[in-house]
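For reference, the structure discussed in these notes is given below.
When the chains are written out, they are named A, B, C, D and E in that same order, and each has its own residue count from 1.
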Amino acid sequence: MIEVKNLSRHFGGFRAVDGASLSIASGSVTGLIGPNGAGKTTLFNVVAGRLKPTSGTVQMAGEDITGLPPHELFHKGLLRTFQIAHEFGSMSCVENLMMVPGAQQGEVLWNAWFRRGAVRAEEERLRVKAQDVLKFLTIDHLADQKASQISGGQKKLLELGRTMMVDAKIVFLDEVGAGVNRTLLNTIGDAILRLNAERGYTFCVIEHDMDFIGRLCNPVICMAEGKVLAQGTVDEVKNDERVIEAYLGTGLKNKIKEAAHG
Amino acid sequence: MTAQAAAGPGRGLLLAALVAALFFATGMLQSWTLALLIVNMALVSSIMALGVNIQWGYAGLFSVGTMGFVALGGLSVVLVSSSPAPGGWAAGGPGIVLGLLMGAATIAAAVMAAAKLPKGRTRTLGVAVILIVGFFIFRAIFDPAVQAVEANNPAAHGNLGGLGLPVLMAWPVGGLLAAAVAWAIGKTALGLRSDYLAIATLGIAEIILAVLKNEDWLGRGVKNVISLPRPVPYEVDLQRSQAFLDWASSWGFDPITASSIVVRLMYTGLFAAVLLALIWLSQAALHSPWGRMMRAIRDNEVSAEAMGKDVTRRHLQVFILGSAVIGIAGAMMTTLDGQLTPGSYSPLRFTFLIWVMVIVGGSGNNWGSVLGGFLIWWLWVMVEPIGNGLMTVLTSGMSDGWLKAHLINSAAHMRLLTMGVILLLVLRFAPKGLLPER
Amino acid sequence: EDVKMGIILGFTGPLESITPNMATGAELAITEVNESGKFTLGTVVPVRADSTCIDAAAATAAADRLITAEGIKAIMGADCSGVTGAILQNAARTNGVAMISPSATSPALSTAEDDGLFFRTAPSDARQGVVMTEILMDKGIKTVALTYTNNDYGKGLADSFAEAFTAAGGTVTINAPHEDDKADYSAEVASLASAGGEVLVVAGYTDKGGKSIIQASLDSGAFSTFVLPDGMVGQKLVDDIGEGLTGSFGQYPGTDSQGAEVFQSLATAAGFDGTSAFAPESYDAAALIMLAMAAAGSTDSKDWAPKVMDLANAPGEPILPGELGKALELIAAGTDIDYVGATAVELIGPGESAGNYREIEIKDGKIETIRFR
Amino acid sequence: MDILNALVAFLNFVFIPGLAYGAQLALGALGATLIYSILRFSNFAHGDTMAIGTVFVILLTWGLQSMGISFGPLPTALLALPVGIALTAVLLLATDRVVYRYYRRVKAAPVILVMASLGVMFILNGVTRFIIGTSDISFTDGERFILTAGDFRSWSGLAEGLAIRTTQGVTVVIAMIAVALLFWFLQKTRTGKSMRAFSDNEDLALLSGINPDKVVAVTWIVAAALATTAGTLYGLDKGFSPFTYFQLLLPIFAAAIVGGLGSPIGAIAGGFVIAFSEVMVTYAWKKVVTYLVPEAMAPSGLVQLMSTDYKFAVSFVILIIVLLVMPTGLFKGKSV
Amino acid sequence: MAEPFLIGEAMTGGYGGADILHGCTIAVEPGEIAVIVGPNGAGKSTAMKAVFGMLSLRAGAVRLKGEDITALTPQARVAKGMAFVPQTSNIFTTMTVEENLEMGAFLRRDDIRGTMDQVYTLFPILKEKRNQAAGELSGGQRQQVAVGRALMTQPSVLMLDEPTAGVSPIVMDELFDRIIEVARSGISILMVEQNARQALEIADKGYVLVQGGNRFTGTGQALLADPDVRKSFLGG
C-alpha cells in the first residue's frame, strides 16, 4: 500500500528522519515504535503531506504521492490523526465528525443556496452516521458539547472518530492510546481490527503501549534516530537487543521490588 | 437565525428594538430627513460589515484591506456611469490599454519563467531580466499615452471618462472589480498568518488608493469626479414638478421636506433590497455544510487540511466573496455621495470603523454585522452633538476664562473621545459582541 | 429671534490645525455684526459642525442635521472641495440652503450644478498659476522644481502653474506630489534636490508637508529660495523656519486694499492669528452671508443668495473688515456697497473669487508686500 | 567622473535621512512589537501613546526653558524625557487597569483587545488635543547641526554639501542603545524571561509562580519608555503634530511586521527596511548619475524608477515580498 | 485519623455550566504517592485543577497542612510549595528547553544548577536539546520537559496530570523510578495516570474516579487486585 524510500526530513542541520525506507503492506496493521524523538511523527507528517521531504519518495499503491498536499491525499483515501489532538474547538462534537466526509454537496455554495432539499437529506444521513460513531466511542452524550470543552482523552477519541466517518484506504494513527483509558483502548483496538478485517482498511499505528501493539500489530517497525532500526513480528522486535536498549529498557518490575524492600 | 436564537431570541429582538428606537428618536427630536440619511448610510455600512464578517467571522482571515475595496467600488461608479470624456479615449486610450496588456504579459511571462526554468541562478536571472525589460517597455508605451489623456482638458476631464451607463449597473460591476482584484491579492498574500496578513492587506489597500489618487487617467485622481448620476430623481426636480407639489400639498407636507424624504426613502428601498438579498445568501451559506467547513478551517487549518478541505482555495473563495460584497457597498456609497473623492478614503473610517461594527455586532454572526453597522454608524454621526452637549454641560458650571474658552474650542474633539468611550463601554459589557456567534 | 449660521469645517481630521482659526474668523464677523446692533433680522448664532474634511457621508449627515434639526439659514463652509461638493449636492441643494465656502478651490466646483446656492471666497486654482509664472519670469527664473500637496487644491494649482510656466518658456524639472501629515519627506526632498532648479515651488500648507519639505531642503542645502503660493504664506511658517526663509517670495489673494492688514489687526485684538490659512476668507464668507440677508431682508436662502454677487462686486461703497456695521447702515439706507473684506473679494462667473494677488517677499522675518497683480 | 560628489549627494539625501527616519520608525516599532509579544495584541493606540508622551515632554521642556535650564548643545527635551516617561507609564498603567485587564481576565480573543485599543486610541486622540491643541509645535533647541552643508562644502571643497542634524545623531544613538537594552532585558534578566514566559503560555506562567500583574506592569512601563522616547525624538527632528503621530502608526507596524513581530532586532531591521525602501526606490538618480558619467552622457530625465507618489506603495510592496519569502518576517516573528 | 497533608475534600464544582465534580475527595500524605485513575471525562483533570485552585468550587474545601487554601490563587499555592504539570499545553513552546526549566525554578532564589543537572540525568535527551525551542520537540520530549519543569520547583507537593502520556517505555520506567525517589525524599505526589497498572504498582494510595465522584479508594495493590476495577478501568 505505502512504500517509503530513502526518506529524509531535516530541520536546519538536524535530521529528524534520516533515510528511512519501509513499506506498509496492504491490509496490514503495521505498528511503528521507537524512542521519543525517533522521527515517527515526522515520518507521518511527510507521508501525509504536512511536511515536504528533504529527499526521498513516498508511493501509495504504486503511485508517487511525494509532496502532495494533505487534502489531496485525503481524497485518495489516506487519513491521519494527530498526536496532539487537533479538534475544531468552536464546533460541537457531532459537527466535528459531520464535517469530515469529502465532496459533500452542501459544501458547494450553489447547492447550499439553491438545492437546499438535497443538502438537508445529506445532512440527515451524516448526522446519523456521526451519532453512531460517537456512541461507539462512548461519548454520544457529548454530541452537542463544544469540542473545546471535552477532556483530553475525549479529544483523542474524537480524533479517532473522524477516521471512521469515511471509507479510508489507509489510516495513520499517531498515539491514539496516549491518555485514553485502557479499558476503552481495548475496545478501540477491537474496532481497529474489525475495520481492518471487515472493511479492508490498512493501518499504521504509532504507540508506546507495547501490550496494545502486541495485540494489534503485525509487522512492527522500530525507528531510532530517524532510521529504521528493526522490523518483524512483535516478538522478534521485542526481543531485539537494539530495540531493548534504545526503547524498551529492562523493565520496571525489578526496581519496584527493590523499592519495596528498601 | 439559529445563531440569534441561541443567543436568546429575546436579546436580538431587544437590541434591534433599541437601535430602532435610536433612529426613531433621531427622527422625532432632530428631523426625519436626517434619520433617513443616517439609515441609508447605515445600510451601506451594514453591507460593508457583512463583507468583513464573511472574511473574518466565517474564515478567520484577518484582512484589513476593506478601504481598498470600498474605493474600487467607488471607481466602478465613475467607470460605468460617468459621462464619457470628449477626446479622452482618442488621446491615448489604445495606448493605455496596450501598455496595461504589456504589463500583464510581463508578469505572466515572469510567473511562467519562474515555473519552467530550473531552480537556481538562471531562474533568478531570467525572471529579473523579463521583469526589467518588461517594465521599461511598459513605461515606454504607457507613459506617453497617459500624458496625452491627462493633458486633455485637465480642469474638467483629463481622464478616459466613463461609459455613461445607468448607475445601478455600477453596483454589480463594483462587486466584480473588487472580486477580480481580491483574486490577484489572494493568490499572493493569503498564505500569510494573522497580523502579517493584516498589515499586508492594509498596505495593499493603500496601494489601491495610491493608484486611484495618482492615475488621473482612470478617475481624475485627487481632482475628484463630482456630480455622478443618481438612480433616483433630484429633490430640486421633484420640487419643480407640479405633480409632486400637488401630491405633497394634498398630504399637507412641506414640499422641500417631502422631496428629500421621498428621495431618501427611495435610496433606503434600494439599499435595503441589496442588504436583504445579501443577508439571505450569507445566512444560507453560513448555516450550511459550507459554513461548517469554513468554521472548521477557522478553528484549525492543519486539521481541516488533513480532513480533505482545500484550505487555500477556500480562503481565496471567501476572500473574494467578502471583497465583492464590500465592493458593492463601496459602489453604493459613491452613488449615495454622488461623487468620487479619492482623498477622502482613510483606513480609520473605511477599515477600522467597519471592523468595529463587526466586532461590536458579534463576529461570525450576520445579523450582528447589521446591528453593529446600524449602531456604530448612528453613533459615528451622533457623537458629535452628543460630545458637544457633554462639553456644554461640563463647562456650564465654569466661570468664563481661559480654560472654558479652551474647552469650548476643543469641543470638536469630544467627537472621537466620545466614540472611544462608547466603544469601550460596548466592548466591556459585550466582549463577544452584542449578538455572539452562539 | 436667532438666525443660525452653520460653520461646517473639518475640526477633526487632516485640516484640524487650520480650521479653528477659520471658524474664529467667521465668528469674528458674526460678533461684529451682532455688536453693531444694525442687523435687524435677529441675533446671528454660529453653529459649528465637523466636516471631517474626508468623510463625505459624515459631513453630509452633519450638514443635514444642522439644516433640518437646528434650522440653520446659511452655511459658512465647507472647507475641503470633496466634502463641499457632497454637502452641496446632498444637503444644501436638497433643502435649498445656500453656502459660501472659504477654501474649496477645486476648479471642478465652478461647473457643479448648484441652483445658485453655492459661492466661494477663495479663487479657483486656475488663476494663481498664471500669476506665479509672471512673478518668476520677472525675476528671470527659468528652471524650478515643483512639489504640491496631493489633493485637488495642490494638484490643480501645480497643473495650472506648470502649464503657464512652460508656455512662458520656463522649465519645471520635476513635478512631485507630497502627502500631508506623513511621517517623513526624505524621499521627496531627495528627488527634488536631484532634479535641481533655481528655486523650489511649494504648493502646500504652512504647517504640513510643505513646511517639512522646506525645512529639510534648507537643512540639506538642496534649495535656498522657495516660492510660496497662498497655502504657504503665513507668519507662523516664517517664525518656525527663521533665517533660512529670507529671500523667498510668493503671492496670495489680495488687492492693494487695506483689508488684509485691517483683518490681521482685528484678529490680533481678538486673540488669534489672522494670517492663518483661509481665516480671512472665512471672515469674508460669513460677512457676505449676513450682508446678503440684510440686503434681502430675509434669512431664506432663495431670497438672499441672489444678492451675494451684487454685494461682493463693484460698484458701490467699498467695505473693509471692521466696517460691517457701516455696511449694514448703508444697506438699510439703500446705498449700493462693494464688499472688499479681508481678501478683496470680487466674485466672478459662477460665484467664485476672481483672484487678485499680492506679491510678497520674506525679509527680516517679515512678510513684505512688493506689489499687487 | 566625480565619485566623491556623487557619494556625498547620496549620503546627504538618501543615506543620512533614511538612517534617521529608520531609527525613528524602529523605536516606535520596538514598543509595538513588545506589546504584541507580551500582551498579544496589536496596539493601535501606540501612535497616540507616542503623541501624549511627547506632549508631557513638551510641557516639561517649556517648564525647564522658562526656568532657564538647558542641556548645552543637546535639546532640553532630553532632560525632560525621564519625567515624561514616568507620566506616560502612569497613564498606561491606569489604562490597563481600566480597559485591558478585564479582557485578559475573561481571556478575550486578541481581536477584541485590538478593538479596545482602537477605543483607547480615540480617547487619547481627544485628550492630546485637549491638552495641547492641534497645531504643530517645534520644541527643539540647543545646537541644531552636528555638521552643516555649508561647513562641509567649505571644508571639503566639494560642490555637494553634507548635513547632519543633532537630532538625527541623537536618534540613531538612542535607538541603538534602546534595542541593545531591550534585547538584554528580555533574553538575560529574570523579569525579561518571565515576560516571555507569560507571553508564551499565560496559564503555565501562573503555575510557575510568575506574577502576571507584575509582568503586565513592567511591559507597560517599558512600552511607555519606548513610546515616549520615540515620540520625543521624532518630534525633535520633525516637529510635533497630533495628526502626524496617528499617521505614524502604519509605517511603525509595517516595520514591526517586516522585522517579525516580537523580535526587537526585527523591529530595528524593519524600521530601516521601510525607511530606505521609501527613499531609495523613488529616488531620482539624476544627480548621482550625472556626477558619475561623462558630461556628454548626462541623463536628461530624472532616472527615477517610480515617482514619489508611490513611495508608500513601494515600501508595502517590499513588505509583501519579504513576507512572501519569510512569512513571519525577517527575524522569525510570532503570530497569534 | 489525623488530617492529611493535602486534602481536597468533598469538592463540588465545574467550568461554569453543570457541575463536573460531585463531592469528590482526594488526599495525600508526605512521602506518599497517590494515583487517580478512571475513564476519560471522569473529572480527573478537573479534580487536579480544583486542588490547584484553577477553578472555583461550589462546595468542599482544599486544605494544606491543615490550613484552608480554598480561596488562594494558583500562584499563591505555588508559593506554598505546590507544583503542577497540566495534561495539555504544559510547556513554553517558544522558549528553549533550558529556559523552560529555569521558569520552573522561577520562585527559587538558591542555586538551581544542581537540580537542573538532576533533570538532565533523568532525561538525557533534554540536555542534548537544551538550546532548542521546546515547541520543536517531539511529543514525548515535550512531556519530559513538562515534568522536568515541575521537578525544578523542588516542591513539597507535586501534582502530575498524565506525566507518562506519549513517553516511551524506557523513559516511563525512568520516570516512575524517579517519582518513587522523589516521594521517598518526603514529597507528596498526586498523579493522574492512564498507564494505570504501572502507576498503581508504585502507588501508596489509589482513587478510582467516575463521573466526578469517588468510586473506589484503596491502596495501589488493593485496587490492582480488585477484579472489578481491573476489568472496568485498567483494561483487564
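Some notes on this structure:
Going forward, a contact is a pair of C-beta atoms (placed from the backbone, for glycine too) under 8 Å apart; a residue touches a chain by one contact, two chains touch by 3 or more.
Labels paired with UniProt names: A, E = ABC transporter ATP-binding protein; B, D = Branched-chain amino acid ABC transporter permease.
Everything numeric here is computed off the predicted structure, so don't read it as measured data.
Listed here as common contacts of chain A and chain D: B, E. Interface comparison, D-E against A-E: more C-beta pairs in contact at A-E.
Of all chains, the one whose CA centroid is most distant from that of chain E is C.
Taking the mean of the C-alpha atoms as each chain's centre, chain B and chain D sit 30 Å apart.
For the pair chain A and chain B, the distance between mean C-alpha positions equals 46 Å. Chain C has its Cα centroid 74 Å from the Cα centroid of chain A. Per-chain Cα centroids separate chain C from chain D by 35 Å. Multi-chain contact residues of chain B, defined as those touching 2 or more other chains: 213-214, 413, 415-416. Within chain D, contacts with two or more other chains are made by residues 129, 133, 307, 309, 312.
Shared interface positions of chain C, i.e. residues touching 2 or more other chains, are given as 16, 20, 150, 177.
Inter-chain contacts, as defined above, occur between A-B, A-E, B-C, B-D, C-D, D-E.
Residues of chain B that touch chain C in their complex: 29-34, 37-38, 41, 44, 154-156, 213-214, 221-224, 226-227, 234-236, 239, 256-257, 259-260, 263, 333, 336-339, 341, 343-346, 349, 380-381, 384-385, 388, 409, 411-413, 415-416. Across the interface of their complex, chain C is touched by residues 9, 12-14, 17-18, 21, 24-25, 129, 133-136, 138, 145, 148-150, 153, 161, 163, 165, 234, 238-239, 241-244, 247-248, 251, 275, 278-279, 282-288, 302, 304, 307-309, 311-312 of chain D. Listed in rising order, the residues of chain E touching chain A in the complex are 15, 38-42, 44-46, 87-88, 125, 136-141, 143-144, 162, 165-174, 176-177, 180, 194-198, 201-202, 231-236. Those residues of chain C that touch chain D in the complex are listed here as 13-14, 16-17, 20, 150, 173-174, 176-179, 181-184, 186-191, 193-196, 207-208, 211-212, 215-216, 219-222, 236, 240. Residues 11, 33-38, 40-42, 83-84, 138-139, 142, 149-154, 156-157, 175, 178-186, 208-211, 246-252, 255-256, 259 of chain A touch chain E in their complex.
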